[in-house]
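Contents: one structure, followed by commentary.
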């Protein structure tokens, strides 16, 4: 096994061999297998944004199998989705690509304080042959404690059963401005919370240079924490995730132009981030274009491309 | 995924995607990955025969890590052992090779009707990141019902948790002569019983041309079932394992000379057997020799060597 | 729904709608659907007698799918088999024919007082979509209480989960002569015991005119119970099964010539038996011949043929 | 409520209101309702002796409904039977007569030390609307501890769920002569054991004047315990059942002539026994005769007839 | 058993014999036993309205035994109360009158959206010898889902344990005007909801001719549903309760003059209602007067009085 993968697994020495085996499967699969970098394909937008907003741009995406196929063809490390999408392909693609079952999800049909519903179980993940469970928390929501307590219990169960735990940590809720959701202090804090909740892999949004909290701003100014460039901000977030001893990956966010995304990927790479989780920016493209795009991203992480 | 592996997985359509994923991991790993053939390294002899009888010939074998290393270096599909041996290496080798936890074992310190003790659990297998549980039954023992009922419960649990089930089926006990233990009718029956007990993978001994049961002999004679050559007998055993729809592998048995073993491997290959499980004949050799030997066996299965 | 089926279901008024639904599925499927008569294909001989004795005469039978196909093509009411055989086809044939999971089985490799091993669970039956569990008891075995207590627990669970319960009641053991196993008093008693154990469907062997128990002989003589013809004996067995308020079917026993079997079927029909369960006499014939044979049997039950 | 019934219920003050409610239902139903005396119809002979020996004399008895009807028409306090017989009528006769589910039963097809098999559960009794569970113990069997421990657990569960507990206490087994089974010292001892096992209602056989145990004989002689007449012996058994604070009823035993039975009933009445449980001597008679007979018995208990 | 009771029990054929037995006990007890009509005494006002408002008018009511005695003396079919009141008399009155344990209750000390607290369990009901559990739902409360989910679980458990389920269905809450609580469309809807929640017995308030919902009003007008007289409205409610296949009884409501209540009872009888549940209007009267009053009500139902 690759030395970098061994080194990363060494950061999880408190975990069972089963959980480490599944982390290894995640790190060793696909085009980036063995590099210590990851690109994951997530498709939860059908649940989160509705089908037309998610799949009309590339109608192949209405078919659940198309996402397994895209992840496989592009050589992603894993494919992550809610229960329904995974059940609709797990048998046909058994053993072909590591799967992450997203255990909670929100729809866009209601308002109020953000809190996802638990829509799957750890036993579902075992039954479907997944390597990990995924779970979203919304720090800054008034309902955050509900989510923290759910992931506490689900995470404990997943680890007992040899699975890994991936946490999407997205600050959101009445305690935060829209701009604050991606403020550097808030994103770094979100990464720390997910690590403290004992996630193995943390997913956050790319941070802006904005600082949301007054109390934090004083420290950032006083200590002159470098946050001017995106790479610097990524480095700070990775530092905030137990100084690089937990895997942190970044979401692509809204669909945008290719050049911008590739610039972001270079910044993640240069800042020491572990990789990307790219949904809409991949599966909303036609198949061939999507594969080319994802492989370009991977080549940047692998150092094969600038 | 390789077509042959897909075809084999197709025989397990009643199983969950999780179990099929673990069968795929078994079939896709190592030097024979993707060929539909398997060579597994089992090391339960320390428990079954005692340490000196097992490891004195090649003292490296006293160290549990040596067996993980041998299986990895030789490119075996999996490594199978009791709880103690797996716990002593599963963390260090997490994710590097599929593991099978042997859930029951016998020692050689007592006499009486044969019946192994259950020495591990399905949850142990999850915790250690295994792809399958292993279990030994002794048809013809007066205590067979105890073992059948244990594997019934353990197999149901393993399947519910997404693992595969490997059954060692060794007829033995007061109802059988020593010669009868490897009689063709008895070995074929042992394979059938393991399949009816719903094993995914069945391990039996290579059969002789002897026929033990009078009632069976009439049928073999009347129907002129071909059992003259070892390849013919292997074919009959595979047929008896749901007509090749269950994976059947053969044990090497006692240590013997290399040429004999390679002849046996050719017969297994030609008779449509799925592979070998080779313990003493591999780990009792010095490391380099063991690797060469195992890879020669694999090359025969892969068709790279006669 | 057919009046005769409604009438039979009316005898099970203490059971849940779920169990009655599954009894209705059994009674309404196939060529005899709706007549109140049944022909069931059982294939447990691979486990009970070994593969060659069971399948060499018609090697298609080594393949588990062949039995699903035979039961379907012939129009049987159901197919009954152990866990391994059902798992090897339940997915492919899902919803095509009612299935009965035989929860205990014996092999022929050992001796001693007869007692089958429990080799499947009620949850397995649910998972495989079965309509009923099957269970064998050996009244007259010294181990009968073990079996009675197992079916008590399994039957209660099956009923709670909406399944039907089929009991094979075969007197056998050290308390009985070989001839006594099919004695009219013993077979009638075996039917009664299965009914008292709360089976929904009872399977017994065809009885001879022999009377085994001295205490019973006095009564048969004194009350002049008619047992001279096979039809009379069938009638007495049906009477002993709660006066026809429980479904009683008869096994074909050893392979024999067609004319003899058809005569037996006529006697079962004329004596008010509910049908036959025919294994070796069907699947050991070539496919076409087996279908013709089974359909001839069904036509006799349906009154389409003498 | 009748004073005598209140007085009897007062002896069960440690029991829950639910259990006392069910004892009251037993005492208040039928022709003897409210008198503190009971006549119960038990039909377990189909299981215990086989169908022909039980029902051929009056073939109506093959139909399970006939026994519900007889118990109702005669005005018995309750009907007791194994699971199969109760399931075959409990829905049709729901709420018409108190039911007792006999939770263990023996057949006559095997030999060996006596021990009934558990063939029903407390939840079955709830599901069928029973007022009590019934259980047979064989003091003097080498397997008595098995039975004592089973009734301990079943009795505890029945009481927790508000049911009453009826124990058939029949000394039998290798430790006792045939004559000893109904010896006065043994029957009194059997009644005591059932009471100590916390039965609410105890059923024993009518005792003879024989004394089986040497140690007991000394005391009977020394203390001049009166046991010459049947009424005296009944009085001694009732005394042995917590001095009349537990309900003791007596079984009719084998079929015999009517006059003898009525004499026995008078002795039970005069000795302070609580009533009779009469199986074969009632249901083996034609319906009209059986009703007349049972009502004559009840009239004796009610004091309406000598 | 009375034909009308058999006919009513026939409407509950999906239920176990145990549940049907307890429904039969309810229908067969007391002065109206066997008529298919019921008068039940409920005393939950101590909890719901406080002791002085409930019992000061007739201080005997402070003593829990007085209500058992009233129900018995008047010949009611059953007595219903919360856990405390039942525990305070169930032992003394064991077996004398069917009991219904009200499993949830509200006090009058708080405001806010109506939702009763669960104050008893199904096992309490078994322990106390009850025939049924009672449960109140408040359709139109914002907390209705809490109550619907509680009765779903409690009802499932009660049925599994052989008890019957009585639901008080009282529309109430912020979604409804005060007048709307007894509007004919709302009461009919409340009866339907209770039936759909699988109650065996439904208790609603007597409806007025008011129609609350605009959408319903259109249909009532268009289809000219007759609701002018109270008897017509009762008939419509009974129709709405599965066309008379579920038992519907009506509450007396607030204390009022005797003549008015008797007129209401005549309307319930003429409209095909199954009976009354009368609390304050009975137990707040002096004992003798209360008995006379309740028996007058029963005579109207029995047709002995106009």
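So that you can tell them apart, the chains are marked A, B, C, D and E in the order they are listed, and the count of residues begins at 1 in each.
Here is the rule we use: a residue touches a chain if its C-beta (ideal position, glycine included) is under 8 Å from a C-beta of that chain, and two chains touch if they have at least 3 such contacts.
Keep in mind the model is a prediction, meaning the values are calculated, not measured.
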Topological distance between chain A and chain C, in contact steps: 2
Copies chain B and chain D - rotation angle from C-alpha fit, nearest 5 degrees: 145
Candidate from C-D, A-B or D-E with the same interface as B-C, over half of contact pairs in common: C-D
Centre-to-centre distance between chain B and chain A (centres being mean Cα positions), rounded to whole Å: 40
Centre-to-centre distance between chain D and chain A (centres being mean Cα positions), rounded to whole Å: 71
Chain centre separation (chain C, chain E; CA means) in Å: 49
Distance between chain centroids, defined by C-alpha means - chain C, chain D (Å): 36
Contacts with two or more other chains, residues of chain B listed in rising order: 13
Chains grouped in pairs wherever the two touch, ordered by label: A-B, B-C, C-D, C-E, D-E
Touching residues (chain side chain C, partner chain D) in the complex: 11, 13-15, 139-142, 144-145, 148-149, 152-153, 156, 171, 173-176, 185-186, 188-189, 191-193, 195-199, 213, 215-216, 219-220, 223, 225, 236, 239-240, 242-243, 245-246
Touching residues (chain side chain C, partner chain B) in the complex: 46-47, 49-53, 56-57, 59, 62-64, 82-92, 105, 107-112, 115-121, 123-124, 128
Chain A residues within the chain B interface of the complex: 1, 5, 9, 13, 16-25, 27-28, 90-91, 94-96, 123, 126-130, 160-162
Contact set on chain E toward chain C in their complex: 13-14, 16-17, 160
